[in-house]
Structure formats: structure tokens, C-alpha cells
Amino acid sequence: MASGKRLDGRGLLDHRGFDIRARIIEKANGSAHVSLGKTKVMVGVKVEVGKPFPDVPDQGVLTVNAELVPMAYPLFEPGPPDENSIELARVVDRGIRESKMVDLKKLCIIPNEKAFVVFVDIYVLDHDGNLIDASAAAAAAALLSTMINKFEARDGEVSLLPETIPLPISNIPVTMTFAKIGGQIVLDPSLEEEQVMSSRLTVTVDKDGRLCALQKGGMGHMTIRDVRECVKLAIERAPQLRKSLLEAIGYGKD
Amino acid sequence: MPMSQLSPEDLLRNGMRVDGRRWNELRPIKMEVGVLDKADGSAYIEHGKNKILVAVYGPREAHPKHIALPDRATIKCRYHMAPFSVDERKPPAPSRREIEISKVIREALEPAILSEYYPRTSIDIFIEVLQSDGGSRCAGINGASLALADAGIPMRDLVAACAVGKIAGQLALDLSDVEDKLGEADMPVAYMPTYDSVTLLQMDGSFTHDEFMAGLELAVENCKRIYQMQKEALRRQYLEVGGEGASAGR
Amino acid sequence: MASGKRLDGRGLLDHRGFDIRARIIEKANGSAHVSLGKTKVMVGVKVEVGKPFPDVPDQGVLTVNAELVPMAYPLFEPGPPDENSIELARVVDRGIRESKMVDLKKLCIIPNEKAFVVFVDIYVLDHDGNLIDASAAAAAAALLSTMINKFEARDGEVSLLPETIPLPISNIPVTMTFAKIGGQIVLDPSLEEEQVMSSRLTVTVDKDGRLCALQKGGMGHMTIRDVRECVKLAIERAPQLRKSLLEAIGYGKD
Amino acid sequence: MPMSQLSPEDLLRNGMRVDGRRWNELRPIKMEVGVLDKADGSAYIEHGKNKILVAVYGPREAHPKHIALPDRATIKCRYHMAPFSVDERKPPAPSRREIEISKVIREALEPAILSEYYPRTSIDIFIEVLQSDGGSRCAGINGASLALADAGIPMRDLVAACAVGKIAGQLALDLSDVEDKLGEADMPVAYMPTYDSVTLLQMDGSFTHDEFMAGLELAVENCKRIYQMQKEALRRQYLEVGGEGASAGR
Amino acid sequence: MASGKRLDGRGLLDHRGFDIRARIIEKANGSAHVSLGKTKVMVGVKVEVGKPFPDVPDQGVLTVNAELVPMAYPLFEPGPPDENSIELARVVDRGIRESKMVDLKKLCIIPNEKAFVVFVDIYVLDHDGNLIDASAAAAAAALLSTMINKFEARDGEVSLLPETIPLPISNIPVTMTFAKIGGQIVLDPSLEEEQVMSSRLTVTVDKDGRLCALQKGGMGHMTIRDVRECVKLAIERAPQLRKSLLEAIGYGKD
Amino acid sequence: MPMSQLSPEDLLRNGMRVDGRRWNELRPIKMEVGVLDKADGSAYIEHGKNKILVAVYGPREAHPKHIALPDRATIKCRYHMAPFSVDERKPPAPSRREIEISKVIREALEPAILSEYYPRTSIDIFIEVLQSDGGSRCAGINGASLALADAGIPMRDLVAACAVGKIAGQLALDLSDVEDKLGEADMPVAYMPTYDSVTLLQMDGSFTHDEFMAGLELAVENCKRIYQMQKEALRRQYLEVGGEGASAGR
């Protein structure tokens, strides 16, 4: 890597590129399958009618869950979510939530009583590194593809109508993960790279170039200088990555 | 919401089923082998609206160790539905239904696996239902046979499976979800042609003796058709990469 | 077994015979203790007032649960139900449910609001093989012995009256399990036989001689010819077995 | 629904309790030894409406291995209630009450077991309450003593147990469920006559010092009566099969 | 110990003495930290509005929970409560409940509908023996320090007012644990003593000198004579211990 | 109930925060080392209303054994909140939030620990939040550094942590709970001065690039101040007992 090339031939800051297919699970309100190199992640979005949280009675509910199913990697085991799947879900959740991607106020049906509950389920199918970025992209694509039913609320009863509209979206966050390996910073680490990295930094950038989430991971430390560099790079790269994501799913065209 | 508007009589109108099939017609089936990177073997299957991914790991070290068997491989099987695979979101923890199906699928595949070749190891089969629409256990078995072959696990035969049911008083092949829910009976069958044997057989509902006999025959006949599709899928995969046989693996 | 005799002296298709005692747990609505050889199973039925399921708002609820308590066998362990107890419960459940043994429509109290919930709890006390048939017989006997309270429903409130009536019964399924051992089919396998069988087939037959449930088990396969034979035998034998079960509990006499 | 109509004063009328007993009277007790096939030792006990089955396995290999002790057997005890054993259906998972009772029963039996004879093994006691009516922990201990003896586990003594309580201001022996719920105190006692020692002692409610002293004496006296019944039950069992002693097993 | 002295220099019936600090967790309704030798226990009391139990619809709810957090002792492990923490919680619970320390009738807000729920959470921080007595003292001190909000109930809705009043207290139980070591009875065993004791007896005495709870523990037995002696000692010692507890927290002064 | 009456604009009035602090002011901090008997190392920290106890066990035998690493100590970390530590009672089982925080704290401390000195052992860090008021993960890290030093675990550096956030449109140091909930961003930072490196960095909310740069600098500056307090706390502890260094233990 001293020569500026990585094991798989990429340059230090080359991204493997997303291959995205949206709307592939007809029974879900939204869905997307993302390949990032050999990493494969599926996200399904289900929208149901439930109760708003008491502390935000005028908003819908968003919940993100991740499963590292044992199919994806020899060391993943069935069972309740472990710290890795919980961290993954929570980092993706923060990117969506803090960028205000989904306009939760528009998902309230009857304040204090009824609201749409948006379940974002991340399903990791094949693990070849950088699950966070693949999952964040799949979650974004799935949400952008999500259709919800129109409804009528009358006397506290809600009936869903057959007609559907897109989920109200007000931002599109983009997530990039950098790894520190040897003395170098690389973008979008592969599994092999993750196994030797000392630390990683995940940066989520919203449509206005603002940071909405950061997460350092890994057993090592990262110098202040490296942190600054990663954040700068992420802000620079975000618009291009967002554009390619939107193009891949044809967002805004229909 | 088509189901709430349907009644059992609607399932069969002029010999035609809700999705346009005749009583003895299978839904469209698509099989793909070797679709995952990390697994030792894998397959993707679409059967009607069922979308199912299967991965096989092994033979590998049994874990935890006390499950290792001295004379053969331990076969483990997990049938699991993604939360978004069904109409109402399914919580991630395995339901009682998933646990039972995992067991009967394992017992449907074990007779085909030459597990005695790999004592003290474990062969792990993971079936992930990404979308479910009736008949997912049969489709899962069909995919698992392919994934086992793709992993190079030596097998006595491929296992092929399909279900026969009863709707509006008539036998019908390969029920979809709505047909299963409104129908009168469902009987999933897994079959090894070389042995003329069932490896899975379940049934619930109501069958006269004659209906059962006819249904079993219909199931077997269509398992044989699916068996040919499985062989074709393996041939496609391995001819492309150089002609290895189903059980030769990579 | 080549001679057509089994280790315990039975002929291939001899049944060990049920020894049944019903109504032995006064605090339960119904109960039965079944011995099948040395296998012992207790079933208790509790009937409580609950809520109907939203998809069948006009029916009572039936739920079957099985515990393989560690007392029954050295390898049974305490803890949440494993695949064996879940399969056992679900096979017994299907026999009861698909034969329409319990008339669930008559157990609805106020549609969408209140219904009787029937808990059938299978408790395996001593395991000497063929738990399915012993449990199915015990469940049937317990349900046939079950008394429920009359009730008054007024303004959405239900009050149970002291007077009791039998649980509404509309069918009586009978369950028989066959095992394939060597080249032979045997009825009602003992534990020793289960340990060497290649596969088993459970057949449930309703009062009209129709099949209402099937379940193949075991690591081996079973030829189509054997399957046909087992089903035929089960349909032939069912009436006699049903008769002996009803006589044992004195059903229809009081 | 008799309970909802009863008040505490109804528990004792003219010195007569709800079920017709006097203050110092035990409920009818029935003991049977050797009732299960798979267990190494077993007993069935009816005590009033309590119906309890006890099985003992062991001494056997400790599992998991790390629970093995170098100098004696590990005693495990599980007190568990069947879902149908109480008025309102009990979920199968052990409640906090069952977990505490399992512990105190184990500590009630351990003093009697010569566990030092079987280092590195495990002795497992399973108590299944099929019907419960007050006093089930005492009845469970009485049954467990018999099952241990039936398993041939060498013991210092049999442990006998019964409870003393207070209803309508008076001491009363062996409370039933309704008496326990409406009464003012309950004190279960397990006792080894040979050592004049308690092995279980719990109490909740309100006892003056004098009431406690009198209650303890009443409990001890009746534990001794139950001890005779236990010996009789063992004698019955073993004389029938040829006269082996309580700790000789089969 | 033959000389009547213990390893730590105490006489056989010497108590290590409680060091108590109450009202240290401002976010809790009540709290106390108790040191008993090197044993340290914290108890926090939270009072929330919930539903009364159906069988006592006119009473508040009291619930006691104990955690033996792994910080406190090398052998404590994280996870759901084990038999030791459950026994600890239930013994402390019985002392409080059976002495009628908290006047639960006064905690009902609307019968059958709303009541105060009092959560007593025992948190063992450092384990040097006799957790029961330390926990019981900490629970008592925390409850004595507990303030609850005044409330207004109108049309089935409850609103809490900012003004607070003390939790209604009607008794003050005192708990003492004796251990049998060799032939001797000692009061307030240390961890070292617990490791060699054959059995222990815990006695809870109410303000009128009545017993309200007993619990024998340990693998050994205890003679009738010893039991009588412990109970007698506990009743004799209770008033003095109660007095020192109340003085430590300044109860009744403000 | 002050929160329900506050709006985001109330958080900063005339440059003054709700609790009277300026934008760049830390809350009062109190550190105490060696406060527990059984643990190998311990510390108690108050940071504003946060009250946190930290214990360290190890290096000790790894348990279960399979977690042992051949080349270094396994570091385990549990961040746990007492049920009474927050406004509404928290159930005892670890929440998803606690599980994530346990992971990031472990990864904040690992870079400082010379774990390679103790292969095959385990070093266990237990952080118990007795009262929580915003910033508890940073306060937990500060306490854990002290407890590790108190346990005599050799370290590359002490780790110091604090958070920077944004309230009413302005950067603000060390947010309290109410500021965090009503504010626009929060960024906890853990820092090793000797390496000028972060070991924990999280952020949620909205920061422009400039705000981030300024915020990071503010955080680092105050981590350095906390670092001095940590050294002082250790000096106090060890000078009193005879002048051992931070990593010398007892």
C-alpha cells in the first residue's frame, strides 16, 4: 500500500461504488438491495399504523434494526442482536434521523393517538467489509422508494386507502467510512482492510454539506489531523456520491 | 388488500385460479446457484413471489464442540424470515413456526446428505426468506439442495419439493399464500426421485383417502419436474465455469 | 424383528394401548393423564376470557403448548421450548385445529372484543417413546373433559356464572404414529425403537375417516409405497382407537 | 369463586376451618414411591389438593462440566409449577417465586444428602407441581426426600416439612391456599428429626414471640408425624419388592 | 473464634454498624447508600403512576428488585437476576411488605385504574458479606427519604403537582442475619464468615417487636435451639438498631 | 418538570446557560480513586449531576476461556445505568443504547491499554451510572481511566473525554441532559494528549464544517484540562499512601 495502491487495486480514496436495485420486495413498502464490492445488504421498509411516542406526540415513529444473519459470514451467529449489529443499526439510524431525512411530522395521523411507524430493517447478506456505508445507502434507497397509503381519520379510527404516495422525504444523507491502516487513510475499507485497520471513522453528510453523524470505531486511535482530513474529504465527496445513488434508483424521475 | 375481499369460492372460477393458473400448474420458478461470496455454497430461488436465499457452510469444525458426532457430520438448518418478507412486519426473533420448519427442512435434507463422509464436522444450512408467498418451505428445500451441491457436499440425490392443496373443493398444485389461507388443505412434499421416497411430508386441512392418493401423485410428478430444473440450474452454473458435476463443488 | 415380533413382544402393528384418567386436576377446566406403555403425559386445559385474534374476530382462541420437563428423560433440559417440544405442540395443535374438534365459533363472547381462550398445556412426565400419540390422546381426553363457565355479557362487560357446560366439541381426531425400522413399518414406536428408526410418519384421522394432519419426522426417508400403506392403516384403525379412547374416559355417558 | 366471598373471619368458625379441619390438623397426605420409569428415583405426593411429582437423577456426570465440585456432588433443584396447576394459568417460564423456592428447597435437602460420597457428580432434583393448594414447597420437600431415597442416594436423615400459620388471630397447622391468602402469617419448616434441626425456615406475616415459639413446636411435632409417613411409604415400596432399605435404592 | 473473638476483632454478636447517607440521587424519589463494613449497597426509589393489581384494586404497588452488579464481586456476572439476587430482593420485599412499612392503601389514586407504583431498586456495589441486612437497611432508609408528588385526579386523568409529601410510612422493620459457624452463632457475618458458615438465619422484626419475616439460608442445618436463640436475640436487638438507623438519616427531625 | 416548560431558545439567554454556565465552561467535576474494596481498581466521579462508579478487574483469567487472545489481554467493558439513574425508571436489562456505548467506550480505552503485556487474560471494566445528566459516557471514560490506573494496568496514556454541542445556534461545551435534548448537536470526544489523538468520536445533530473544526478544538482543549484533573486525582491518592505512580497500582 506504500505505492498508493490497495490489495484490490484501488487507490487509497477510491470507493468500490454502489450497485443498487430498489423496489424488489413487493410486500414491503420500500426496499433496496445494495452491493458494495462483494458486500451485499438488503433493506426492507414496512410502514404500519401505531402510536406516537408520548414525548413527541405529533410525530411518526422511525425505527432501524439490523441483522447480521449467519449466512453472511462464518463468524456471524444466530441470536439476539450483538454489539456489532446494534452499532450498525444505531449509526444508520442517526444518519437518517439527524439529517431529518424522513419528515416525521407528516407521519402523525392523530396526535397522541395514531401515527405511521416506519420500520427500517437492515439485512446483511454477504460481508466483505464496510457494512455501515452499504447499509446506510441501502436504507436511504429503500426509504426513497417507499410508498405509504393515503388514509382517512374519522372519530379516532383510521382507515387506509388503496392509493399510495411517497414517504415524505426532506433530506438525503450520505455516509462514508474511512479506515486508518498503517500510516494511511483509505475510503470504503474491504473486509481484509478492516481486519488490519487500527481505527475507522464514519462521517454522514446531509444535502447542505453539514455533518449530521460521526462514529469512530476500532481498537486504535486516530490523530486530530486525520480526523480533520476525513471530515473534509467526506464533505467534498458527498455530493457526487449522493448523485450516483439517486441516479442508480432513478429518484426524482418518476 | 385483495384477501379481505376474497371468499373461498373465488379461488377457482371456471377452472382458473386467482393468479390465472390451472389446478395442476406450478408458479414460475427461477433458480440461480453460487450467488454469495462468503458462503461455501449458495443459491437464490424465486418461486412465484417467494424470494429465497440459501447459504451453506461446511463441512467445517462443529461449534460448540459438544454437538460434534463421532460417525457423521452434524447437520444444522435455520429457516428464517426477514422482517419485511410478509404482509405484517415479523419480529426478528424466530417464531415457533420458523423453529418447526427449520427442523422438518433439516430432516428433509439429511436423508440426501452423505454426512458419514465428514464425521465430527458440521454442515450449516441457512435459508433466508426475503419474500414469502405460500410454499416457502418447499422453495427453501429446493434452494438448499442447490446450495449443498454448490458447496460440494456429496449427496445421494437432490431433494425436490412442492405442495399440493385443496381449494374450493378441488385438488390444486402449489398453493400461493391467499390460496393456502382460504383453502381447505395443504400438503408440502419433499421427494428424492432416485429412491422414490419422501423426505418431508406434512399436511393440514381435510383430505379424503382418495384425495390424498391423488394429491401425493400430483406432488411427486411435479417434484420430478422441479428436480429437472435443479439439475439444469447446476448444469448452467458448472458448464459456464468448466463442467464440474453437482456434487463436485469448487 | 425379522420374525414379526418386536423387542417388547408386540406384533409390528400392535399398539401399546392407552391408559387414560381424565378430570384429575380440579383447578383446571379439563385434564387428563395418559400412559402409553411407560410413556406418561399429562394435559391440563385452562379456559380464560381474552381477546379474539383480529383476523378471526368471531372465534375463540385455542393455543397448544408442550413442555418436555427434565424429569421425564435424562437428556431433557429446562429452558424455553426447543424444536422437539415445539414440533410436538404444533402437531397436536394441527390435529385439533384442522379436525375442528373445538367449535371455536361458539367460544366467541363479543365479536372483536371478548372470547374464551383455551390453553392446552401438554406436560410430558416420563418418556418411553411416541410422545406425539400420547400427547394427542391426552389433549383430546382433556378437551372432552373440559367444562367452561356460562356467562353473561352486558355493555361490553362479561361476567362468568357459576354454572358450567361442556366445551363445545364437533369432532374427535385420532393420531397414530408409524416408524420405519429396518425394512419394516411398526405402529406406536417405543423409545428404543425411535432410537433406531430411520423415519416416522404421524397420521391424524377425523371422525369421518378424513386425514386432517400428517407429519413425517426423522433423519431418513420413506418410500411412497410405505407412506400410502401407513395412511391406509391409520384410516382403518382410527375408529377402533377412537372408541377405546372414549370408553376409557366414559365420554357420552354422563 | 369461593375466595372472593370469604373474609378473614370466615376462616375459623367455632374452631372449625373452611375445609372442616381443627387448628392442629394436617390435610390428608398420600405418598407413593417409584412412580416414574426414566428417573433414578421418584415419588408422587398428594397433600390436600396439592399433587406433586418428584424425580431424582444422579449421581451422574455434572453438566456443564464447570459446575462439578472436587469434594462433593453438586445438588441442583428445580421446583416448577405446571401451567394448569393454579387458578389462573401460569406461563411456563420460571417465576421469581419458583426460582427462590428452588433455592430454599435445595438448601433444605442438601444438609441431609451425603454429597461428599460422590465428588464431581451432580444430583438433580425435579419437583413438578401438577396442582397447587398452599404448602406446595413443604409437600415438594417431603416428596423429594422420598425420591432421593428411591434413587439410592445415601442420606443422613429424611427431611420432613410442614407449615404453621395464623388465621383469624389463631395458630393453625398446614394452611391451604385460601387460608394462606386471607391469613395473617405462614411459616414453612423443614426438619430433620435425627438432628432436631431445621433445614428450611421461612416466615412472612406477623408473629409475636410467643406465637413463633408455639408455632415452631407445632411444626416440629407434625414434621415428625410426616417423617413416620415417609418411612412407611418407603417400607411399603421396598418390602413389596424384597426389603431393601431407604438408602439402598434399586 | 473459640475465644469469643472473630477474625476482624468483633465479638460474636457485634454488628459492624451501618453508615448511611440518604437522598443522594436527586433524580430518584428516594435513595440511600449504606456501608456495612466494606459492604456497600445503594437503593434508589422511583415512584410512578401505574395501574393497581386487579386483586387489590384499592392499593398502590410495591416492587423490589436487586442487582448484584459485576462490579461488586469477582464472581458476580452480568445478566438476568440469578437465584441469589432474587432471594435477596424477595427477602427485603417481605420485610417491607409484611411489616406494612409503606401504607399502600394511601397510594391508590383511582381504584382499579390508577395507583402509585413504588420501585425499590437495590444495587449492590461492593460485597463484603451480609448483603441482606445492608440491603434491607438501605431500602428502609431510601423509603423513609422518599418524597412523592401531590396529585389531582379528575375525570379519570391524573396530574401530578409540583408539591411533594413524604411517602406514607406506617412501620419500620429491622433485619438481622445470624450465621452458624463451627458451633457458634454470630451476628452480621462478613464475607469470609459466610464462606465457612453452615447456615444463616435472617430475622425481620417490626416496630412492635413482632416477627414479620424469617429466612434460613445455606447448605447446612440449624438446631431448633439455635433458631430460638437467634429469634430471641433479634427481637431484643431490634429497637436499638432501628434507633441508630433513624438517627443516621435524621428521620423525624425535619 | 423544568424541561417541558423550556424551549430551545431558553437554553442560552444573554450568553448564559440554564445552569448559569458560559458557553465554554465545564460543569464542576469531582474525582476520587480507590473507592471500592473488592475491585482491583476503582474510581468515583461526579460531573455535574452525573454520579458514576467505575471498577476494574484484571488482568485475570479470561472467562469463558474461548475469549482469551494469544497475543494480548481481552478488554471487556460494561456501561450500565442504575434503574434509578434517570427521570423515568430504566428496566435493568441493558438497552441498545447501553450496548452501543459499552462498545465505543471499550474502543476509547483500548488504545491506551498496553494489553499486549498480558496475553490470554481479561481486563474487565464496569461502569455503573448511579445518576445520569448528559455526558455520562465521557464521565464514564474519565472514571475508567482512573480505575485502570488504580488497578495498576500499564497504560500508554490516560484518556480524557468531554463533549461539545450546539445550543440555540451556538457552540457550547459539556451539555447537560436538558441541553442535549433541546439542543441541535452533541459531539463526545475522548482524547489522549500524548498522541494528540481521539479514541472516541461520535456526533449527532447538525454541524457546519466550521462549527465542527471549532468544536473539535474546544473539546480537545477541555480534554486536556480534565487530563490534568485526572493526574491530580491519582497524585492525591498515591501521595497519601506513599507516592506510587499512576500505573504502579497497589
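Note that the chains take the letters A, B, C, D, E and F in the order they are written out, and that residue 1 is the start of every chain.
Here, a contact is a pair of C-beta atoms (placed from the backbone, for glycine too) under 8 Å apart; a residue touches a chain by one contact, two chains touch by 3 or more.
Keep in mind that what you see is a predicted model, and the values were worked out from it rather than measured.
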Any chain in contact with chain A as well as chain B: none
Shortest path length from chain B to chain D (each step joins two touching chains): 2
Chain at maximum distance from chain B, centres defined as averaged CA atoms: E
Rounded Å distance between chain E and chain F, as computed from the means of their C-alpha atoms: 32
Mean-CA-position distance for chain F and chain A (Å): 28
Intercentroid distance (Cα basis), chain E paired with chain C, Å: 48
Residues of chain C whose C-beta touches two or more other chains: 81
Chain F residues counted as touching two or more neighbouring chains: none
Chain contact topology (line, ring, star, complete or other): ring
Ring order of chains, beginning at chain B and proceeding to chain C: B, C, D, E, F, A
In the complex, chain B residues that touch chain A: 1, 36-39, 42, 49, 51, 53-55, 57, 60, 78, 80, 82-89, 92-94, 124, 126, 128, 130-133
Chain E - residues contacting chain F, complex: 24-28, 31, 38, 40, 42, 44-46, 48, 65, 67, 69-74, 78, 80-81, 119, 121, 123, 125-128, 162
Complex contacts: residues of chain E adjacent to chain D: 81, 83-84, 86-87, 89-90, 94, 97-98, 199, 201, 206, 209-225, 227-228, 231-232, 235
Partner chain E, residues of chain D touching it in the complex: 96-97, 99-100, 102-104, 107, 110-111, 187, 192, 195-209, 212-213, 216, 220
